[in-house]
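Listed after this line are the structures, all set down as structure tokens.
Shared chain: chain A. Partners: chain B in the first complex, chain C in the second.
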Partner chain A sequence: MIMICPGCSCLCDDITIKDGKIFNACRRGEEIFGRYKENRARAMVDGKEVDVDAAIGKAVEILKEAKNPAIYGLDTTVVEAQKLAVELAEKLNAYIDDNSSFCLGELVEAVLKKEMPTATLDDVRDNAYVIIYWGSNPFHSLPRHMSRYSYYPRGAKRPRGYDEDRYLVVVDVRKSETAVLAKKNAKFIQVDDDAELVDSFFKAMDGKAAKYAQDVGIILNEMKKADFNVIFGGLGLKYGLKDLKMFVELVKKLNEVAPVYFIPAGFHANMRGFNETLFEKTGYVNKYSFRDGSSDDSFAFTELLMNEKIDAALIVGTDPIYSLPHDVSAKLGKIKTIVVDPRMSFTARVADVVIPSAISGIEMSGTMVRSDGVRIKLEAIEEREVNDIHILKKIMEGL
Partner chain B sequence: MRFSKFLKVEADIVVARYSLLMVETKSSVEPVIFLHPEFAKKSGVKEGDVVEVEANGRTVKLKAKLSENAPENGGIIPNGIFASYLTNFEGFKRFKANIEVAEGEPTDVEEIIKSFKS
Partner chain C sequence: MALNPMDIYKLLPKTNCKKCGEATCMSFAFKLLNREKRLEDCKPLYEDKKYERQRKKLEEMLKPLEEATETGLIVNEDLCVGCGNCVVVCPVHVEKDPKGAAVGNGPTIDDPILRVEDGVVKVINMQACRRYGKNRVLCVVCRENCPTDAIRFLEG
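== the complex of A and B ==
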């Protein structure tokens, strides 16, 4: 059986399961396929086990009574469920947001608005010469990114192997595992402030002196040798630069020197799917208010929580207690929380309502969008009736 | 008793994914900090020590491991509930913390969950 891995935004399509053994998966993927039956969520209301319909009924009751509800998460579910969640938010006049508002949403938005040239990972594999990982450590976050799509594979126009036909650049605040790989035909730039490196690129292109001028000059010369170069930007870039517009301008300016494409690197399996789904509907990728008909930083789920602007949250497939700063997630205790999740996540353990769902891509078929925008169809190993689509439909009917 | 027990040092902390420890089932999380070997040496921390990490007025106890991939003047806390407990959005993925060798066991994740229930 050949499966697609829903573990991260690489959506690897060569996972083979044979005689109970999992082949080709990275260490994360192996755990996802090998342990998907563990720590499963149970239907709960106020800490007591109930049946699924009762939990859905309570969720409907909370959402009906809420004056300012929000829907949050959705980055690990399929596009078909994301569309339903957007419809539900519209029906409730609610806020809707995902993890991308504090992850790479701004960069995905720039790509969708065509402010930066982009490409597919397959294009990268076949063509890319200079490959920059900026604030990204795929060794841990996207373990097969480099071996399947970027640095290591021999591509149609890059047949001679990575040490001759690729030029690797790693930008990080520390010598990450990926930075250690930057040896021959490669460069590791250890930054303290990413803005200084952006500034150095601008100055070097204008022939001026700058902090990283020497390194940047070498990289620019390498870029000029090729008709295809790529920058993968990760969370380190997002949090290393206060103003991401600087980075967007840099990519534009680099294209005056040589063709340079940008692809976001990081995030959950279908975060880009959420961004594209909401973008198609509203023109914005995240932090959207149907009541206001617009997107705003103050509509980010984290801001709504911090500023106590919401009284109920439907949290789908994400675990804010695990991933959000404590100052923010502690505010969950002040509102009604409904968690839809296949796992008994940390947030599920303290939620008012828990609705157990199916694991997308393993127990629910559907579409996800890879980090480069390619849509991938996932076929479940075994379909589970109570999945995100079923739950969201039931809630919609109940309302 | 080691002299380092009384030594509180400031550390650069990077929060990063660490796939070797990620539990995809969300059933548990290992309380660990990866310190740069040079930083650990000058701070008197040995591999396996329990260290108290304090930032933004909150404290957790983590087991110290060593990694050359950590920032030279500090360590990596894997993305997850312990890092989230310490951080805020001002320094979501990179912040300063105070570190000292501590007695006892690393913080049990249940203690953090309890703080939400209360």
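== the complex of A and C ==
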């Protein structure tokens, strides 16, 4: 059986399951396929086990009573469920946000608004010469990114692969596992401040002296050799730069020297799917308030929690108690929480209502969007009736 | 840790007694590393009490030889994350599997040298490796491109 892995935004489509063994999946993917039956959530209201319909009924009740509800998460579910969640938020006049508000939302937004030229990962494999990982360590976030799409594979126009037909650049504040791989035909730039490197690129293009002028000069010369170069931007890029505009300007200016494309790298399986779904509907990628009809930093779920702006939250497929700082997640105790999750997550253990769901891509078929924007259809191993789509539809009907 | 014949030689009796069938202790050290000889073939090391300490050190030092495959490859599964870099870079895979491993997918041939199984890399078909047999090439690309040093070779 050939499956698509919903483990990260690579959405690898060559996972083979045969005789109880999982082939080709990385450790992260194997965890999902091999252990999806463990630690499953049970329907609960106020810590007591109930049936699913009762839990959904209680969730509807909470949402009806809430004055300022928020919907949060959705990065690991399918596009079809994300669309329903956006409709639900509209109906409730609620806030809606996902992890991208503190992850790579801004970078995806710039790509969706066509501020930077982008390409698909298949184009990268076939054509890319200079490959820059900027503030991204795929070893942790996207284990098979380098071997499937970028540096290592042999592509149509790059038949000698990493041996001679690629040039790898890793930009990071530390010597990461990815930086260790920058050996032959490669360069590792250890930066103190990403803005200095952006500045060096600008100055080097104008022929002026700069801190990283020597390294940048070599990279620019390499870029000129090819008609396809790519920058993968990760969290280090987002948090390294105070203002992302200078990076967008840099990509534009680099394109005057040689074709350079940008692809965000390193996030949940369908985070880009959420960004695109909300963008189609509202023109913004995250932290949106249907009541105000706009997006703002203060509408990010973390900010709403910190400032005690919400009184109820519908959390779908994410675990804020695990992923957010304690100061922020502790505030969940002050509001009513409804958790829709296949697993008994930390948040589910303290939630007012827990609705057990299906694991997207394994127990629920649907569409997900890869990090480069390609839509991929996932087929379930075994369909489960009570999944995110079913639950969100039921809540919608109840309202 | 890398093994080299000089380190082995230093712990041998260095008497060139020829009881093992080799002309010199140095040549015996090389054959030990290539697994053509075993430590037990060195008779004085086991018969003479004064070599006991050296023998124990050697036994400790040669332990990785037992876990290594015939090409000297050692995979530490605890360190492997299954990124598949080794599978994709292997020149033998590129030649035999141009539509699979060569372009970044999982191997489509039945007998790849390395394959990612249950999230970690496993050695499947050692005989196909360029390091196997008499006319071997000391290729190390899989080790060179492993981000965690999960792949090692005996010689380092």
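The working rule: the second predicted complex is superposed on the first by the 399 of 399 C-alpha atoms of A that agree within 3 Å, B and C clash if a C-alpha of one lies under 4 Å from a C-alpha of the other, contacts with A are read in each partner's own complex, and residues count from 1 in each chain.
Quick note on the criterion: a residue touches a chain if its C-beta (ideal position, glycine included) is under 8 Å from a C-beta of that chain, and two chains touch if they have at least 3 such contacts.
None of the values given here were measured: they were computed from a predicted structure.
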First, second, both or neither for A:Gly236, with chain B first and chain C second: first
Partner chain(s) touched by A:Arg125 [first = chain B, second = chain C, both, neither]: second
Which superposed partner A:Ala25 touches (first chain B, second chain C, both, neither): second
First, second, both or neither for A:Gly155, with chain B first and chain C second: second
Touched partner set for A:Val180, first chain B, second chain C, both or neither: both
Which of chain B and chain C A:Gly283 touches, first, second, both or neither: neither
Partner touching more residues of chain A, whether chain B or chain C: B
Touched partner set for A:Arg343, first chain B, second chain C, both or neither: first
First (chain B), second (chain C), both or neither touched by A:Pro143: both
Chain B versus chain C as contact partner of A:Gly333, first or second or both or neither: first
Chain B and chain C contact sites that coincide on chain A, given as residue numbers: 26-28, 31, 139, 143, 177, 180
Residues on chain A engaged by chain B in the complex (per definition of touch): 7, 26-28, 31-32, 35, 38-39, 102, 137, 139-141, 143, 173-177, 179-180, 235-236, 239-240, 302, 319, 321-330, 332-333, 343-346, 349-350
Touching residues on chain A, where the partner in the complex is chain C: 14-16, 21-31, 34, 125, 139, 143-144, 146-149, 152-155, 161-162, 177-178, 180-181, 183
Chain A-touching residues of chain B, taken from the complex the two chains share: 14, 16-20, 22-27, 29, 56, 58, 68-72, 76, 79-81, 84-89, 92-94, 109, 112-113, 115-117
Chain C - residues contacting chain A, complex: 80-85, 87-89, 94, 98, 102-107, 115-120, 144-145, 147-148
